[in-house]
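By letter and in written order, the chains are A, B and C; residue numbering begins at 1 in each of them.
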Amino acid sequence: MADPRVQVQGLTKVFGPTLALDGVDLRVDPGEVVALLGPNGAGKTTLLKLLATALKPSAGGGQVLGEDLLKGRERIRRRIGMISHNHHLYDDLTALENLQFAAAMRGMRVTRGAIDKALGEVGLEGQAHGKLRTFSTGMKRRLVIGKMLLFAPELLFLDEPHNTLDQAAIALLDGYVASVAARGGAAIVATHNLSRAYGMADRFVLIRDGAVTWCARKDGLTLEMLRDLYARHAEGPEPVEGWR
Amino acid sequence: MSAVGDVMRRTWAMTRKDVTVELRARERVNAMLFFAALVLFIFNFALGPDREKLREVAPGLLWLAFLFTGMLGLGRSFQAERENDCFEELLLTPGDRESIYFGKLAGNVLFMVMAEGLILPLFGILYNLDVWGALPSLALVALLGTVGFSTIGTLLAAMTAHLRAREVMLPLLLFPLTVPVILGSVRATEAILSGGGLGGVSHWLKLLAGFDVIFLVACPLAFEFVLEE
Amino acid sequence: MERATRFAPSFGAAAAVMLAVGLYLGLVAAPPDAVMGDVQRIMYLHVPSIVTAYVAFFIVFCASVLFLWRRNLGFDAVAVSSAEIGVVFCGITLATGSIWGKSTWGVWWTWDARLTLTAILFTIYVGYLMLRSFAEDPQAGARYGAVLAILGFLDIPLNHFAVYWWRTLHQPSSLLRPGGPSVARPMLVPLLVNMLGMVLLYTYFLLRRVQLEQRRHLILEGRLRRGRRG
């Protein structure tokens, strides 16, 4: 059994008087796509950011991609990719310049050919010199996926990635995530879109008020059952200790 | 050493990106130049036509124009990063934090020097002062002062980018810390414009250079703590 | 740190004694100044205040460095406490300096070196406290404050040179030379006693304020713990 891609215990994050995340344990194995479900403000984004080393935990720790979460942050950053609803791109640069900048900041040299190939694979061929301001949200998200193709991360973090995407872009995204998982990597997707989560994930983890309420595998679970579970535990009153 | 090479490449990438963004959006440079011209005109109206009085305060006026214009530019230096959460992207990018700082610093110095390059002749024309004769010395002082101002300014701009009332906080924090730069630059400029040359103000130049060196070392090291979450 | 705060009352008592003695000596027993008369006695408040303000800032600096190195919130508590007290002493310095100036030269403010430097230190203090309070996340505020304190500390010697050179070139016959006026012997003792007394007073306030900060942390932690589900 290969080493888990993520293995963390007791992750806690405090922002001043607010407890955003309260002792979360998570394990993600190679090839898994895990969906983080939960209402707004539950702590899904905070958990993603903690695992992606964008935030430091107030308590807890573990390993991401075999590197210590607190001590191996540089090495973790080299091997992960984050796709969030804010696309982290510069509006005044062209698609090509954005990718070149991102590569240069990573210390990578990418040829024009490699960039064109990546653009082609995400349906943006010929758009290299298009200014990002003129791109639609879908095109920007495609560009982010193109960026991922260049950097080939082993672990993906996605934060509400399906918002305002058209069907083709959604298919592209799901396909890319599946390909990363198929190669032995993994992905963690935070979303409140249950049908999309059902479509792409192997395991579902419900987070409420900063803690994991339950988690379930997809085998034997239909979308209706998932919706029902979610409605009861995420939107209902204080949940009972759920089944795992 | 490849590590140094990496830092330089990343710094260059950041500076190049900032310049490209600025050339396209033209937000900063336009605002800076317009503001500088405005300041120079208003000084004239505020201080009256007395030529002798203007000559006395000229070095101070020049630096007021430089510094307020520089402030404007510094305040916008992380604007592009604030949009679209690019700050987070910088956090997620592997690599040293110092190069991000140096890249931003180089861009800020570049823009401020560009603005100064346009303010100076305008100043000479509007106030009938001969700035061409002593241009090399003026350029040296301007560079030392600009670098000093920008070292702390870039760091504080990053810090205040996330803050409430950031337009107020940046000058409030920046000016007390850069008093040595202000005093040194104005005194040295005064010596140059009155025809004295730089010999008599070598202690000021040393202070400016010392300031620059100290903060060129301290600020990039501190940048790490400002950037992390 | 927790153990140190137990000594607060002793510091408070020592400060009270020192200041009582010092103020008596300075305001009553010491001879009036040959030139300025009784007004000069304000020096016994003014000089110790500025010394304490600088000591306080040095502590802010040390605590900031230790905080960034060790990330122990106790150090941050010391930093913010020292800054809050230091800014008050700095304000006292400015006020007494201003009063002294008004009585001696008839002006509420002079741009002499010492007052100017004190004013700059005051703005750095205020900037530090404002920076901390404007940060949404207290952890970020602590980090930003620490960085600012370190920059400020590095800046102070540069400020000193700059301001003194500025003043001496403009006012060749300045009353307050960089070394300060040489102090006559009978005035030296009350001055030193008051200085020690003020530093002890500062220490007392510091320990009390740190205690307050520690209790605040405990309350926050308690709230968080209660908020967690069992």
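Simple rule for what comes next: contacts are C-beta pairs under 8 Å (C-beta built on N, C-alpha and C of every residue); 3 or more make two chains touch, one makes a residue touch a chain.
Worth saying up front: this structure is predicted, and the values here are computed from it rather than measured.
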Innermost chain, where centres are averages of C-alpha coordinates: B
Selected interface, A-B versus A-C, where C-beta contact pairs are more numerous: A-B
Inter-centroid spacing, chain C versus chain B (mean Cα positions, whole Å): 31
Centroid distance [mean C-alpha coordinates] between chain C and chain A, Å: 49
Centre-of-Cα separation between chain B and chain A, whole angstrom: 39
Shared interface positions of chain C, touching two or more other chains: 136
Touching two or more other chains - residue numbers and ranges from chain B: 228-229
Set of chain A residues in contact with two or more other chains: none
Chain A residues touching chain C - in the complex, by the definition given at the top: 14-17, 19, 22-23, 209, 211, 238
Chain B to chain A touching residues, read off their complex: 6, 9-10, 12-14, 17, 20-21, 24-25, 80, 83-86, 88-95, 228-229
In the complex, chain C residues that touch chain A: 136-139, 220, 223-224, 227-229
For the chain B and chain C complex, residues of the former touching the latter: 152, 155, 159, 162-165, 169, 172-173, 175-177, 179-180, 183-184, 187, 203-204, 207, 210-211, 214-215, 218-219, 222, 225-226, 228-229
Residues of chain C that touch chain B when the two form their complex: 68, 120, 123-124, 126-127, 130-131, 134-136, 140, 143-144, 146-148, 150-152, 154-155, 158-159, 161-163, 165-166, 169
